[in-house]
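Each structure below is given as structure tokens.
Two complexes, one shared chain (chain A), two partners (chain B, chain C).
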Partner chain A sequence: MNFDAKQADVGSVILPPPMEQRVLDVRGLNFFYGKHQALFGVDLPVARGKITALIGPSGCGKSTLLRTLNKIYDLYPGQRAEGQILFNGENLLGGGEAVEDAPPASGAPINGDNARLRARIGMVFQRPTPFPMSIYENIAFGVRLHRNVSRAQMDEIVETSLTRAALWDEVKDKLDKSGLSLSGGQQQRLCVARGIAVEPEVLLLDEPASALDPLSTAKLETALIELKQSFTIVIVTHNLQQAARISDYTGFMLMGKMVEFRPSGEAFVRPATAAMRDYVTGRYG
Partner chain B sequence: MSVETAGPSRAARQDAFFQALCFSAAMVLMATLAGLLVALVIGGWPALAHFGPKFFISAAWDPVAEDYGAAGPIVGTLVTAGLAMVMALPLAVGIAVFLVEFCPSVLAKYVSMAVELLAGIPSIVYGMWGLFVLAPWFALHVQLPLFYVVDPDSFWGHLFEGIPNGANIFTAAMILAIMVLPYIATVLRELLLSVPTHVREAAYGMGCTPYEVVSKIMLPYIRRSAIGAVMLGLGRALGETMAVTFIIGNSHEFPRSLFASGSTIASTIANEFAEASSDLHVSALLALGLVLFVITFAALVGARLLIGREKA
Partner chain C sequence: MAFNRHLFDRHARRKLVNYGFVGLTMAATAVAVIALLLILWSLVANGLDGIGLHIFTMDQPPPEMPGGLRNAILGSLEMCAIGMVMAVVIGILAGTWLAEYGEGKRLAEVVRFLNDVLLSAPSILIGLFVYEILVRPLHGFSAGAGAVALAFVATPVVTRTTEDILRLQSNQLREAGMAIGAGKSYVIRAIIWRASRPGLVTGALLGFARISGETAPLLFTSLGNPNLSFALTQPMGALPTTIYQFALSAFDDWRALAWVGALLIAITVLAANIIGRALARGSHQS
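Showing the complex of A and B:
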């Protein structure tokens, strides 16, 4: 445990993607659960159309960081964030004032509307969370929240989403069955399909494979790599191989701080900080 | 040697004894239930045999002429309980949703406490309040104005027909609704709290508004168990005696309007048991008890079937 304290003092190495590519740009984020501070001045630049992985030992704050990006923490009165979370150049934590040196704006502003924000930044959780309705309805439900579409269009959206989540072949004959009747791996891919059906710009995944067997995990990863074509993905994972396999950028966190943020290829081959080197070689965690 | 053999055999004996104990506890319950049913059937048989099916259809209840028909109390029971559920359920859902989803946690504690307190008030207190407070108020501020405003020959006129004294089927249902409200609300709140956090977060994460999360995700999620909560309330409303006896007006007429005095099975039994002199009268009351038993049982079985169908 002394080891932690020592490592936390090590300076951080951040090699971010270029400014104009950043769909999300977190700057100096502090996060509090009541009086307990969980994040300390965290920076996280997220490049459009790439997969960004967040790794680090349990309790390092990677899930907390992910949960600030769509402001899901807002559901809980005691939790609050300070700093800047720029989404298309708009500060989600601000009162609408302009931010210096911001990435370019794109799309309609959010203006503090959490429902609109979450339509554009979707989330898949650690445990599969199918809603208590049919497979078809699980996907149609989210689409209907934000758009009016005809039955034919909806059929098409459902098929496309399930196909992209690599689930269509397994469920096409039982779309009217309950989403809860699927296996864990299928449920999780259903959640991914549900998330992409509303066509968000960013998809957040919080350890989506931690409850899945290796085969389901492989299918999920294949789906994610395909999805990179159209979506920006931020994934929290405990699985370093997974992070190395699928991500373009990797952020390594320790004790509520971003210690290293670099393109994944370099980061895993030659970690720049002692802390990350120890973590990826299994000497820590 | 003795230690080695005594150990397992003592454990085995203990186990057998424990099993027998649990078995007999369950059997005592079964025996009580069966005994109750048998006693009601035997006791009610003379009346049932004497009047035949007419007992359920006829609305005559005349102890002097020894003519007993249970249609009035049966319908009174079903109507008051049904009305009470219709009044209580939306309120209960509202209370439960408010407490779980929208209420600041400081306030939630006190509102929950008030709801639970409501459940603890003895039914006779509700009855007295109904008779002395609710009934006069209802007569003066609802029945009389309606009496003057509504055309007595219209559909509404017939629905609101009755002596304006506030002691009628509708006010009885109101009292029942207040009495079952805390039961349903408390169970619904517990059920809503049991919806997993990640499902709730996932719904918000889709961009649902709080209304959409509650109505489209959380309520459907608990739908099946919620039937249990409703049945708990219905069971109580069907059998509630004291409060209803106070306020329903205790008329054996077949209830022809909402504002007519009536009776329920329970109120009839409570009112007449002490004075029942003839064997046939006593038997008729026991037969009424049997009917109530069957109605309550049928409600429970209905709920079970409903739940079973949802599972499939």
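Showing the complex of A and C:
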């Protein structure tokens, strides 16, 4: 794909994945913290089975955008979102009315049930957030919320989840120890394991490596690339190398707007907008 | 040169002021610590001799007769225990509401303010209040009324510490619980309370330490009882009321028992405070 550089420098450049691949499709999203508007007509198409990275300077709205995808923001009374967030073709912000030109439906509808939504869209936070219980119970906690499983099945789920999060070998002999006894990097992978134990379709990660040392970061990235086989991943990161290393699509945001959204390879090699070019070459933020 | 001397003077003056200030704060600390040590010393010096097994096996005696403090010790334990159960249940629920649901609500501000008022209210007023609502209408002093009065004293302590402790938990932990699909109240009960457990225990222990020596709320409610009684509908002996009665008496052996009772209370309060603070410190490290 070739760009007319001059034209591209002006507005925004969005090169989305094909409609039928989009498990999530955000359209014209406005977001408000009380009276303060943080997102302005943002589009974000998320392809199934891919890693989508969101980058941009601090305060550009990338975490805000991520937090709308599982509607975690509605914990806070003053925060609200307007527009469309299509999950498997169903508008999470609507009253159940049909949406024109939507991606194909899949799975049971959410119908405004946040528990059901969050069982299918998991989240890992910036700082590790292990629950104050054993490593085993950390994983079992979420599973029990959504399914009835026998002890033997639970053992299996715990082992598989920890293995997929690349943590099993380090903790298999101390599953009954507190999750808080692990190192920061291990805690973060425990949170990933906890998230995928529920078997969501999408996993949201909000700067998951920002509190980790390089070695822990590498382990986490390896785990994420493995996880791409079974999950769709959306990751917010300040680390451009990380975004370039692991993501398939990259969205660059600036001041609450999606400026550029393209396959990562092209986006990092030849940014289409002046703003992203300045950002990836270090002239911003 | 003149500039340098000026600079030196300024530094010297600052140093002097600093020493003076540090000296004042150290003196103030010394006064407080010495006062505490003197109190403890007088308790030990006067109370230790009287301590023996008979204190725990015999009830309080008539003047000039051998006896112990069993009725008062057990009465104190019973009323404190019942009062603490009430205070912990109400205090933890109220503190949880203030910390987790009261955000930005007018009602929460009012409740928090009233709780602070109750926290510093003279405990004799609480005794009089319970007298009006439980003793007079029911025509009799009772251990139940005493326990309720103690609960009124301990509840604001537990409410306050619960709110403070829950606010220390990060919002990310709450979000993590909800992001996995749990409802808000389940996140609070299964995750936030569990993460705050050492702090909640500390709050309860501080509340207990506060009420174990309270005399005023009991004077108009449980009154005191020289005989051993466990009935909630009857007057009941308690260490503070017995101390109050014995310490003012003209009999040497009664006054000796009062010292023993005071020593027992001091040990209990000290132990509760030390355990409570040790637990609180442990929770910050994990």
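Criterion: the second predicted complex is superposed on the first by the 275 of 285 C-alpha atoms of A that agree within 3 Å, B and C clash if a C-alpha of one lies under 4 Å from a C-alpha of the other, contacts with A are read in each partner's own complex, and residues count from 1 in each chain.
Throughout what follows, a contact is a pair of C-beta atoms (placed from the backbone, for glycine too) under 8 Å apart; a residue touches a chain by one contact, two chains touch by 3 or more.
Since the model is a prediction, treat every value here as computed from it, not as a measurement.
Visitor: Would chain B and chain C fit next to each other on chain A once aligned, or clash?
Guide: clash
Visitor: Between chain B (first) and chain C (second), which does A:L180 come into contact with in this model arrangement: first, second, both, or neither?
Guide: In the superposition, A:L180 touches chain C alone.
Visitor: Pick one for A:V23: touches chain B only (first), chain C only (second), both, or neither.
Guide: Touch status of A:V23: no partner.
Visitor: Using the touch definition from the top, say if A:L66 reaches chain B (first), chain C (second), both or neither.
Guide: neither
Visitor: Report for A:L240: first if it touches chain B alone, second if chain C alone, otherwise both or neither.
Guide: neither
Visitor: Considering only the touch criterion stated at the top, classify A:A267 as touching first (chain B), second (chain C), both, or neither.
Guide: After superposing on A, A:A267 lies clear of both chain B and chain C.
Visitor: Output the chain A positions appearing in both contact lists, the one against chain B and the one against chain C.
Guide: 70, 72, 75, 77, 114-116, 118-119, 122-123, 125-127, 129, 131-133, 141-142, 145-146, 191, 194-195, 198
Visitor: Which residues of chain B touch chain A in the complex?
Guide: Contact set of chain B toward chain A: 104-105, 196, 198-209, 212, 216-217, 220-221, 223.
Visitor: Inside the complex, what are the residues of chain A that reach chain C?
Guide: The touching residues are 70, 72, 75, 77, 114-116, 118-119, 122-123, 125-127, 129, 131-133, 141-142, 145-146, 178, 180, 191, 194-195, 198.
Visitor: Would you mind writing out the residues of chain C in touch with chain A in their complex?
Guide: On the chain C side, the touching residues are 103-104, 170, 172-184, 190-191, 194-195, 197, 286.
Visitor: In the complex of these two chains, what residues of chain A are touching chain B?
Guide: Spelled out, the residues of chain A in touch with chain B are 70, 72, 75, 77, 114-119, 122-123, 125-127, 129, 131-133, 141-142, 145-146, 191, 194-195, 198.
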